[in-house]
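Labels run A, B, C, D and E following the written order; every chain starts at residue 1.
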Amino acid sequence: MIYQGKQRIWSEYQKEIPTDHWFYVRSCIRQSFFPASEKTFLEILRDRLGKDVYETPHHTTCGGIAYHSEAIPQETVMTIIARQFALMTEAGYENYVCSCITSFGLYSEVIEDWREFPELLAKIRENLWKATRREFKIPTYLAHASDLIYKFRNQIAEQAKFRLVNKATGEPLRVVEHIGCHYSKMFPSKGVGGAEYPYVLAGMVESWGGEVIDYPERRHCCGFGFRQYLVKANRGYSVSNTHKKFESMEPFKPDMIITNCPGCPYFLDRWQYVIAEQTGKTYGENGYGIPVFTYEEVAGLVLGYNPWDLGLQTHQVAVEPLLDKMGIPYKPEDKYKGPRGELLQRPDFPMNIKCC
Amino acid sequence: MGKIYDRLAQDYRIKEGLKACISCGTCTAICPAAEFYRYNPKKIVSIVQSRDDDAIIELLKGDQIWYCGECLSCVTRCPRKNAPGLVVMALRALSIELGYFAESEKGRQQLPLMHAMQRNVLNYGYCVYPETFAYEKHPEYGTVGKWVKDNQKAVYERLGAHLGQIGPGALRKIPQESLDELKAIFDVTGATRWMEIVEEKSQEKAREMGLTMEEYEAQAFNQTSRCHLNDED
Amino acid sequence: MIDFGYGLTPSSTLKIENVANPAFEELRQREPDVAKCIACGSCTASCSAGVFTEMSLRRVILSLQRGREKETLPMLQHCMLCGKCLLVCPRGINTRHLILSIGKVYKMEEDR
Amino acid sequence: MRERILAAYDPFVLPFVFGMTFVLAYCLIALVKVLLQLNAADRRKFALSLITPTTIVKNIRDIFCDCLLHVKLWKRNPVLGYMHSSIAFGWFMIIVIGHIETILYIPERLHRLYYPIFYRYFMEEQNTTLQGSFFFFLMDFFLLIILSGITIAIIKRFRSRIVGMRRTTKLTLTDRIGLYSLWAIFPLRWIAEGFTAGVAGGSFMTVPINWILHNFMSKPENITVAWWLYSIALGTFMTVLPFTRYMHIPSEILLVPMRNAGLPVRHTRKGFALTMLYSCPSCGVCIDACPMGVQKKNVKDATVYMVRNLKRRNQKRSLEIAEKCLMCGKCAALCQVQMDACGLRLAYRTAQEKKTNQIPADFSYLAAVEPIAPAVEPVALDDEKVLYYAGCMSSLTPVISRSVQKVLQSAGVRYELMDKDGSICCGRPLMLAGRQEEAQQLIAQNRKLIEASGARILLVSCAICYRIFKEHYALSGVQVWHYTEYFSRLIREGKLQLRNSHQTLVYHDPCDLGRGCGIYDAPRAALRTVGQLVPALKERKESICCGGSVGSLTLRYEDREPITRNAIDNLTANNPEAIVTACPLCLKTFGRFAPVPVFDFAQVLADNLE
Amino acid sequence: MSQNVVVIGGGPAGIEASRRLRDLGYTPILIEKTPVLGGHLARWDRLFPEGIEARTVLDPMVADLDGIKYFTETEVSSINRLKDTWVVKLSNGLSAQVRAILLTTGFDLFKAEKKEEYGYGIYERVITNADLEDWFKSGAAPQFDAVNVIGFVHCVGSRDEKAGNRQCSKVCCVTAVKQACEIKEKFPDATVYCFYMDLRMFGRKYEDLYLKAQKDYGIRFVRGRVSEVSEDNDGHLFVKAEDTLFGKPLKIKMDLLVLMAGMAPAADNHQLARMVNIQTGEDGFYLPQSIIGSPCTSSREGIFFAGAATGPKTLPETLSEAASAALAIDRYLKTPQKK
């Protein structure tokens, strides 16, 4: 692997990301499975970096998952998106940042379609007006939340309490980055670093001291596949794709996985559990899995957040071995505590994959 | 050169995603679905490109078009700026509109899918929502997932989510007027009509198959025949 | 082991890590013409058995080259050896002898 | 006549007696072996034929004409014919006359095997026995005939082109011993009888030689030496005979009745096949006959070598030769012993396929093939509804079926197409590949379709199909017609109005139609009405295969081209304006290289309809 | 003194045209921006279809430059129209006033690194056709361990809208087959694959070469465009394509992958076109008056083309076009000037 070759490509795909005044929309999956990640994102931006990030209680799903499961027509999803944009316009913002990769891809696609087919845009304006009496402007800048963390990765590094380094050996941690398919595969220029070697997560990992490892199936989808997961009969597809990725990364012995899509960490985490329970195979050291994180969680860890405030206890693959490696202190007894410090009954141990 | 094709060509995803395919196979080479299903996006695109209505109808009634995971990895690779994934999405939409979806096992999954999705969006404003994410239907949620479900309120509160609460924040209750707007959008843009088509066609099909609607929906959600994957006869 | 109601699926990708294909090499010894195929499909287009079945000599040759003979050997059971493919092959491949030779190198699985 | 040696014995007879006893015993054992190898049905068939009067007559005639007089060879090459028949018939006559003399003058010695052979040594002439001079003359006459034959044979061995043969076989060691001893027999006999002619009497050959010998080598011991040498030559020949090509002499006597009994070749070296193998005289006619011979590398693939390798059990070469053959049948047609060369090869292929093919055929899909316009009403007997089967190959030469239909329409014939939506192959290609049982499945399926169609006539435009329809279909109530026959019938009956274009045409006899089914005249008769026929260098039975035959399994495309070009040269020797053939495969094959247009038979008729 | 003609570009087209012009009695001024004459040909080892050495074609041409003024490492600074002549200023300070300029600027080899998914410049074992020629020519093989499986990817930067080159580069198919045979000679035990979309064997003996590659060299041809290349932890490559004739995805572990970089329009085309006020097509190659009837003349008086400057061409096509361009210039210069 020739690193300079990648650098050259990264330098060609640098998207413009404004530094402030963002209209923020949440992700259905991220808030359901990683609610603390969104909280962390807002805290870092607002409190640590002093940025203006606005959230309205009226915003909803973008409809992306429903759209990609063919539960709603294209016109519907476009109109829902138009409503989101209308909320942004009404709030006086022009920069739109979303937490979800499916949303991000869909927004990019929709904006591109509207640009190419003005009659379609007119139709959607009409639909929105008919349904909600709202009007909208297309955002000037569209970003995924990971773009912002990437943008401020060096500021975060400056405030870092911990680094992605094995404290015992001083070696950088070996990090696998997994980019959501809809981040840049459709529009390489809309993602930091393009489609083949996206730099959005790699940049964070490098800034925070880790080493990015590239393995053959890096670009492969996690296997969510919308209906391929949502309908139980299809989940063989989903787990098989994840399995393919893990088989490919296994020889590289990664310490952790970082993701920017809300669904991928859930699948990369849970399918490890399913594979272990079905076949007995685990991919981490000593019978553990390879811990999977959202980029917000990683940023939070670097900045010294309490792992249990970051929601790492909701991961099925145990994170403790990694926390130990990084030298992050944590209280095991706090892991399964409720909001007021009350002890909740701890989860069962799985059979084949080691947990703490 | 037929009517079905003309109708398909109205779809913006065909306009966007099908210019002229040269059957080079870069899409199939990296397609996650082609790897595990009996599926080949290149083949689908060349059928659509043939404009042969009979062949397209066969697609609309078959399982093939439902194998795609819509990851759109194919879009990156195509040397002709096509998007096989978008072509499949347009086919699926047409299959629903024409009621052909009910003819295939994978197509019949539309009923449980649309029930789950449309109800989530209309009732909560989210596509996925903890209240409707049942552990029974998602055993892969794992032992930790079971723990989250068992202690849902406490866990979400501990992690800073505003589950079911007013005001901004994760999993907050979306104001009713916003949900009403979503319903209005559904009515205006055809989502409501889609639900009606799917309900109606599914009922017809359930009668034909001699199943109650509950059985039909459960079967669609849980069952898979031995004909979809590569290694099967 | 837990039954989740679904599981891992084998991949269909032709994985050619071990490129040795001794059976095909033996076939090449018997009928060197097999290497001349340009997959034009003339044989398939003219095939007498192809009118009634899926028989495609082009696919058979390819599958043998890729070591996936299992998928196409049953096709050969339908061949009537009429020799039309012999006449249309632009590369002058002795298709009939090729088909006969395949039957000598490759074995059909019994369970069909 | 009276006995000169009263003991009626001399040690010099021993070599002959030994040789003769050996060869007789050998042949007897071989005969028993062959008969045992026949399956029960064939054996019964053979036995029955031996007592059927017509076959008896035929057997005798064939043995006489083929084995002694070599009538066929005479027709083909008078010099060779003379050579063979002079030796065979002359020798036969000498033996016969020797026996007659023995019977006439000293019948009590007849049981001594050697006596009629060495009659002249044991008997002496008396002036009173004037009848003897007649036999003396005959004996010397036939000796002269034989010696002339031997002379030609010796010349042929060293200068084969003089007798019109391009190539002859290479002899094996035993063949060589046999040959030289055969050559030696008759000159030695001449000398031996010459010695004794003084006392035993002689005629125009032996008396002069006696005079010479008497004057120069009159020592009595020389007499015995000459007779010894003669006996040794005979004995040597007899002893090596089973291991040489001369085994064909006794074998043919068995082969003729077996062939006349209609026995099939069921095995490559058992029963009938074994007889056939031993009947091959290695004359090499098949080498020149073989169309593959245009390439030197194929010379060793002629039938004579197939026989030789089969005899030696050389499986590898036998298989190569068996698979390479075009199955045009020309060698068999010209063969002196009517060797079923194709049958032998087919038997080999069949055995090979049975043994080695690992992909069993599955023709179950054929059951779903739609019947052709099934006759709703029973067709009246006089209604000649025609079912036209164009065959697989014809779909690559659409001009044939189009022309056939045009001709049929012009003649007002009611017809139905059997294979417009794709045909089931006739089965002959499978058969030629050695897949007999598989071919039977196609035959059964086609037969069902044909018989269900209600047609009375099955019209076929492909020579390959025609042959198998004729030989293996046994259709009930349906006659099989090749279009050359059928159209010339239509012409005869005045149903076709044709004009003569006066174009010069040469007609190519497709192998399966001519040699295969004996149809030579019908196409020519029809073609004469539309053009002017010019002969090819070799035609009819000697027509040269176009090289496209599906009969050959291994012949490569590039090796077929010289065959085709050679066949075209043969056809165009008299500068015809066009070549006409009556088989789609020939049409396609010639079309590739011919310098003049190549037409299908039906096409020529269709183009000249009034 | 004989009349000058400026020839811009010292590849085979420029050299051949200069020689022809000289033979017709003109004094060509041949300008080459690199230090050596010969263009891409100077870098090439052997030529398809028969594998003759490139130098046997180029050396006699370069040895026969008497009567031609040529300048290497020289670029055109400006070209201006003065009445019916062109004033060409060169970077070496010289200038020439001529009636005719011949553009023989050729092509640029497509930058294979632009096809990011193939990892040229990132994976060590991915090289280009030109790298392979360098290797053959110098004999200095890259130091890899066992090379057992080798792949050739056709159409890299050709027939690819995303890469900005829609055209077929014409020579890559047969070059790939040639190089596949050559590398098979170097590594007789290796398995060699060619990934193609169409095999465009349009020239005399090309099909024979293809047949030989199949029959004698046992090169395996896979119809399918390579979709992505990735690297194993030991540096070996995974190549993914669809075996489109078989209809299945294909993944092969390879030790060496050769990208058949195609012909892209020369980078300076736009600049030169602007100087003399002519058009380039949307593909970036110069637009002649007629691709069929007058491929050597431009829409501007006194500006001529030859060779791959007007689109991908084979070497013999380039050489004969150079000859016809010389004739076209000759005819133009002999036509009386309009006054």
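Note that in this section contacts are C-beta pairs under 8 Å (C-beta built on N, C-alpha and C of every residue); 3 or more make two chains touch, one makes a residue touch a chain.
Every value quoted in this text rests on a predicted model; they were computed, and no experiment measured them.
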Inset, instruction - Identify the chains adjacent to both subunit C and subunit E in the sense defined at the top. - result: A, B
Inset, instruction - Walk from subunit A over to subunit D along touching chains and report the minimum step count. - result: 2
Inset, instruction - Considering only mean CA positions as chain centres, point out the chain farthest from subunit A. - result: D
Inset, instruction - Sort the other chains by how far their Cα centres are from that of subunit B and give me the top one. - result: D
Legend entry - Which two chains share the largest set of C-beta contact pairs: A-B
Inset, instruction - Averaging the CA atoms per chain, pick out the one whose centre lands closest to the mean of every protein CA shown. - result: C
Legend entry - subunit B-subunit C separation of Cα centroids, rounded to whole Å: 37
Legend entry - Inter-centroid spacing, subunit E versus subunit D (mean Cα positions, whole Å): 66
Inset, instruction - Please compute the C-alpha centroid of subunit C, do the same for subunit D, then give the distance between them in whole Å. - result: 41
Legend entry - Chain centre separation (subunit B, subunit D; CA means) in Å: 75
Legend entry - Junction residues of subunit A - those touching two or more other chains: 195-196, 219, 232-237, 239-240, 244, 274
Inset, instruction - Could you list the positions in subunit B whose residues touch two or more of the other chains? - result: 30, 34-36, 76, 140, 222, 224, 229
Inset, instruction - Would you please write down the residue numbers of subunit D that are in contact with two or more other chains? - result: none
Inset, instruction - Could you please write down every pair of chains that are in touch? - result: A-B, A-C, A-E, B-C, B-E, C-D, C-E
Inset, instruction - Mind listing the subunit E positions that touch subunit B in their complex? - result: 117, 155, 159-163, 197, 223-228, 240-244, 247-250
Inset, instruction - Can you check the complex and tell me which residues of subunit C touch subunit D? - result: 33, 46, 48-49, 51-53, 73-74, 76-84, 86-88, 92-94, 96-97, 100, 102-104, 106-108
Legend entry - Residue numbers on subunit B that touch subunit E, as the complex places them: 22-31, 34-35, 40, 42-43, 76-81
Inset, instruction - Using the touch rule from the top, collect the residues of subunit E that touch subunit A in their complex. - result: 113, 116-117, 119-124, 228, 230-233, 235, 238
Legend entry - In the complex with subunit C, residue positions of subunit B that touch it: 34-36, 38, 139-140, 222, 224, 229-231
